[in-house]
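Take a look at this one; I'll ask things after.
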Amino acid sequence: MTTAVARAALPSIILACAVAPLPFVLGGYALSLLIVIGLHAIAVLGLSILMGQVGQVSLAQGAFYGLGAYGSAILALHGGLTPLVSMPAAVALAAVVALALGLPAVRLGGHHLALATLGFGIIVFLVFNEEGDWTGGPSGTLGIPPVAILDATLATDRAYAYLVWAVLLTALAAARALLASPVGRAFRAVAASEVAAAAMGIDVARTKLVAFVLAGALGAAAGALYAHWLTFVSPTAFGFETSIEFLVMAVLGGLGSLYGALLGAAAVTLLVEGLRSVVHAVAPGATGWVEIVAFGLILIVVLLAVPEGLAGGVARLVKAVRRG
Amino acid sequence: MAAADLLQFVLSGLSVGGIYALVAVGFVTIHAVTGVINFAQGELAMSGALAAAVLAAAGLPLPFAVAAAVVVGAAVGLVVDRATVWPALRRRRMGAVADVVLILLTIGASIALRGLALAIFGSEPYALGPFTPGAPIVLAGAVVPRQTLWVLGLSAATMAALALFFGRTQVGAALRACAMNRDAAKLAGISPARMSALAFGLAGAVAGLAGAAIAPISFATYDMGLMLGLKGFVSAVVGGLASPPGAVVGALALGVLESLAAGLVSSGYKDAIAFLVLIAVLLVRPEGFFPGGRLRRV
Amino acid sequence: MTMRTRREWLGSAAAAAALAALPRRARAQGGPYRIGAVLELSGPASIWGRPQRESIQMVVDDVNAKGGIGGRKVELIVYDNESKETNSLVLAKRLVEQDGVLGIIGAGTTPTTMPMIPYVTQAKVPLVSMGSADVIITPPAERRWIFKTPNNTSDVVTKMLEYLKAKRLTPVAFLSVNNAYGDSGRREFEKAAGKAGIEVTVWERFGATDKDMKPQLTRARASGAKAIVVWAIPPAAPLVAKSAAELGLPREVQMVHDHGAGSSPAFIDLAGGAAEGTVLVTAKLPVAEQLPDADPQKPVLLAYAKAYRERTGQPPSAIGGMAYDAMLLYANALETAGADREKLRDALEATRGLVGVTGVFSMSPEDHNGLTVEHLELARVEGGKQVRLTL
């Protein structure tokens, strides 16, 4: 048992060692990017497992991001809970919502599931927008308290980077362990063929439900961390466009690959900022559209070259290097 | 609540639904032939809308501007196919490219097209004159703008034309065969590459026409494709994703639901109510309104 | 080490290298005054962002053409936040740390401005925003470093209520776009309407991308309202006007729009004949020629309108004017402050009687907007133009 845990945790530990010095080396701007990459990676991890390992499509990850953010913000502001309590509480609530969504949704397949999750996302967005007494409505909610451990507030980006990446790396290790376990095998069996999996005695609906809840919980965890970092939330950050962004990161990184989630999140964030630098240096007046066109084109080119995602592409590259 | 008001809600809903229908029809066409969900469908409509608006503003008579929109839509559709979809479709048979990657490719295309439109046309809205000017038609106390009749008429016309095309022509039958079984189609001498191009060109042409018809109602902007694509997708899936009539019915249903929700219940939650109803329908009847002969993957 | 973990090493090393290699610009002594701007150049708010960029650049070009401020030129660095909040914060940090700016202009909307506030306050960098909500600069004690140029929403509402009261138009129906812009108008109207003796029968909402507002307008008409107040910007605002005209509403009730419609020529252009007879709250820019010559703003407005038209080929909008004023505030403050952020903040707060496009700015520690209801006008759309209306 312990060797399995160690095996699952090893990559996370190595990553932790690699990333640990960064918050001291990087300046505020780059540190913000590190935090943003971490937040997105947590959300994309959940989506990548759901879509890659279990084969279920979800266009609702942006909504779960929002449920975690608003959930923790409301519990902290209206309920007076300290963020260290409100964040896990929000994740638990989001998990319940994911369960409620999953129960009917697992009966649907393919495009209908996409549609149901899309609809769910829109409904959640509208709730954020309309229930102004709780959420602040379209104008958003300000003054979300930062995370505090005992008396020390984690108000600096440096401390927050550690928090976010600690959560991410723990989640990665836990996910790795889960996927190596019978649950993970059940995931993959269901993704390959629901009929065959059922024939083998796997409870298909329950397996899908577990994945749904996992994805929702991870999305919410990322959202809760986001809320206490930005200290401001508004509905527009949690709409359909955000769900699509997470989808892009998941697919670009490599569906089903855990580290693909991190790669995808990092690649997209760094690409966007990188394009900004390039355009700014080459054609400052053209800001606004060049980055968009370039992003779209790069996405197309990369997906055509590496349809299995960056993680798969790196695997191929390493294999080729080893061989040659 | 006066009866005339209720009628107004329904008519407004049909008006909006007609707009969704024109986009949804293109979705279904592409999916029926290639199995791809084209998330750039809204941008194809946007291309036609902006092209028509700009040309008309430059002095081109309206019928020519609309014709240009159709051509532009078809051309952009072809580019999307050749540049993004076809290269991936070609490898799909080898199992190398997942369906979701195809969707992502069309998303990439939609992003690039939006950026190009922003570059060329800027971010401000463009107006286009109605196809036939004149006061709105009054029906039992409720009002229908003339352009709405055009939109609904064009939806019906494209639906009928596509049904004829798929059902009665050789090329159409070939396209349908392609959807059923690519290998058999190839054995029969039908090139999947040409079919995919044809599907995208056709859907693009319909989208371009859609854009030109929609612009007089709600203006043309570089990002109009986002909402149109979303609602078109929803309509198509609700309609069963298999046939144009299904897409049209799904679209009209969506539009009317939104409008009734806004008028009768809550304007803030209208989209949510519409979605709830549609999802409930899907749970009860998962095949959608007009199920086609889709093979279920086992 | 397994293949996978080696991959992770490479990946994280690459990421670290990329992050650390991001360009850094040292702040040169005696070099140009660097001002940063975070604007919505793409995304849903981009209809505002682009005129804003042009207008800011106009001031910079003017100042530099005259030899700069104290011999030092002004350098403008603009980033696109894509109408997204997280980007605003990250870009603010980039401007302050990588580009070494003295102050920031941005963002163009309230939700994209709010995330920058805690950061610039802690980093002690002045921020001048074009967001409309009053919460950007209140409470003053917590917003020492934040300023804004648009008229306060409460002032716009005051002007509107003045008109409604004078014409005895009560009850009214209130329609707003269901985003932050419409929401702030709705909240202020709700606060002030009762006190002004104006009763509101229905509060309806519509989406910024909706295609047909007739259901909401039908409800408004059914409620017996004498006027319909609409709070939105193009393209939603002209769509409401069109829907209303199709229903024949302008013949029965008075359509009143907020400055979001008045500030942009797009409203009348897109609505066409449907806008006739609508009363708007507006900045002075669209009715500049009709102002009395004694108005100190008149020459500035006419000059801005001409210069904007020549530069971009587009008619000027008051929204661009708000950004113009932001840069004007900085240019004015830099004269006394020099390259010191704290002094720049103080100089901004000490601005008195600066004649801008949006109004005449007189700031104070309690008021980081510096405008009053006097800087707003009423206009009626007649013959496709805004005609100034005096009560």
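We call the chains A, B and C, going by the order they appear; numbering starts again at 1 in every chain.
Throughout what follows, a residue touches a chain if its C-beta (ideal position, glycine included) is under 8 Å from a C-beta of that chain, and two chains touch if they have at least 3 such contacts.
Quick caveat, the model's predicted, so the values are computed rather than measured.
Which chain maximises the distance between its CA centroid and that of subunit B?
Centroid comparison gives C as the farthest chain from subunit B.
If you tally contacting C-beta pairs, which comes out ahead, A-B or B-C? Let me know.
Looking at contacts between chains, A-B has the larger number.
Please compute the C-alpha centroid of subunit A, do the same for subunit B, then give the distance between them in whole Å.
Result: the chain centres lie 31 Å from each other.
Distance from the CA centroid of subunit B to that of subunit C, rounded to the nearest Å?
That gives a centre separation of 35 Å.
Enumerate the residues of subunit A that touch no fewer than two other chains.
129-130, 288-289, 291-292
Would you pick out the residues of subunit C that each touch at least 2 other chains?
41-42, 44, 46, 49-50, 178
Would you pick out the residues of subunit B that each touch at least 2 other chains?
Residue numbers touching two or more other chains: 115, 118, 226, 268, 271.
Show which residues of subunit B lie in contact with subunit A when the two form their complex.
Within the complex, subunit B touches subunit A at residues 37, 83-84, 87-88, 91, 96-98, 100-101, 104-105, 107-116, 118-119, 226, 230, 233-234, 237-238, 241, 266, 268-269, 271-272, 275-276, 278-279, 282-283, 286, 288, 298.
Name, in rising order, each residue of subunit C that touches subunit B in their complex.
Residue list for subunit C touching subunit B: 41-44, 46-47, 49-50, 178, 204-207, 209, 211-212, 214-216, 218-219, 222, 234-235, 238-239, 246-248, 266, 269-270, 272, 314.
Touching subunit A in the complex: which residues of subunit C?
By the definition above, subunit C touches subunit A via 3-13, 15-16, 18-20, 22-24, 41-42, 44, 46, 49-50, 77-80, 83-86, 89-90, 93-94, 96-98, 110-111, 114-115, 118, 133, 135, 178-180, 182-184, 187.
Across the complex, what residues on subunit A touch subunit B?
Residue list for subunit A touching subunit B: 51, 57, 104, 107-109, 111-112, 114-116, 118-120, 122-123, 126-127, 129-130, 193, 195, 240-241, 244, 247-248, 251-252, 255, 286, 288-297, 299-300, 303-304, 307-308.
For subunit B, which residues count as touching subunit C in their complex?
Checking each residue of subunit B against subunit C gives 1-2, 5, 8-9, 12, 15-16, 19, 115, 118, 122-125, 127, 136, 143, 145, 214, 217-219, 221, 223-224, 226-227, 259-260, 262-263, 267-268, 270-271.
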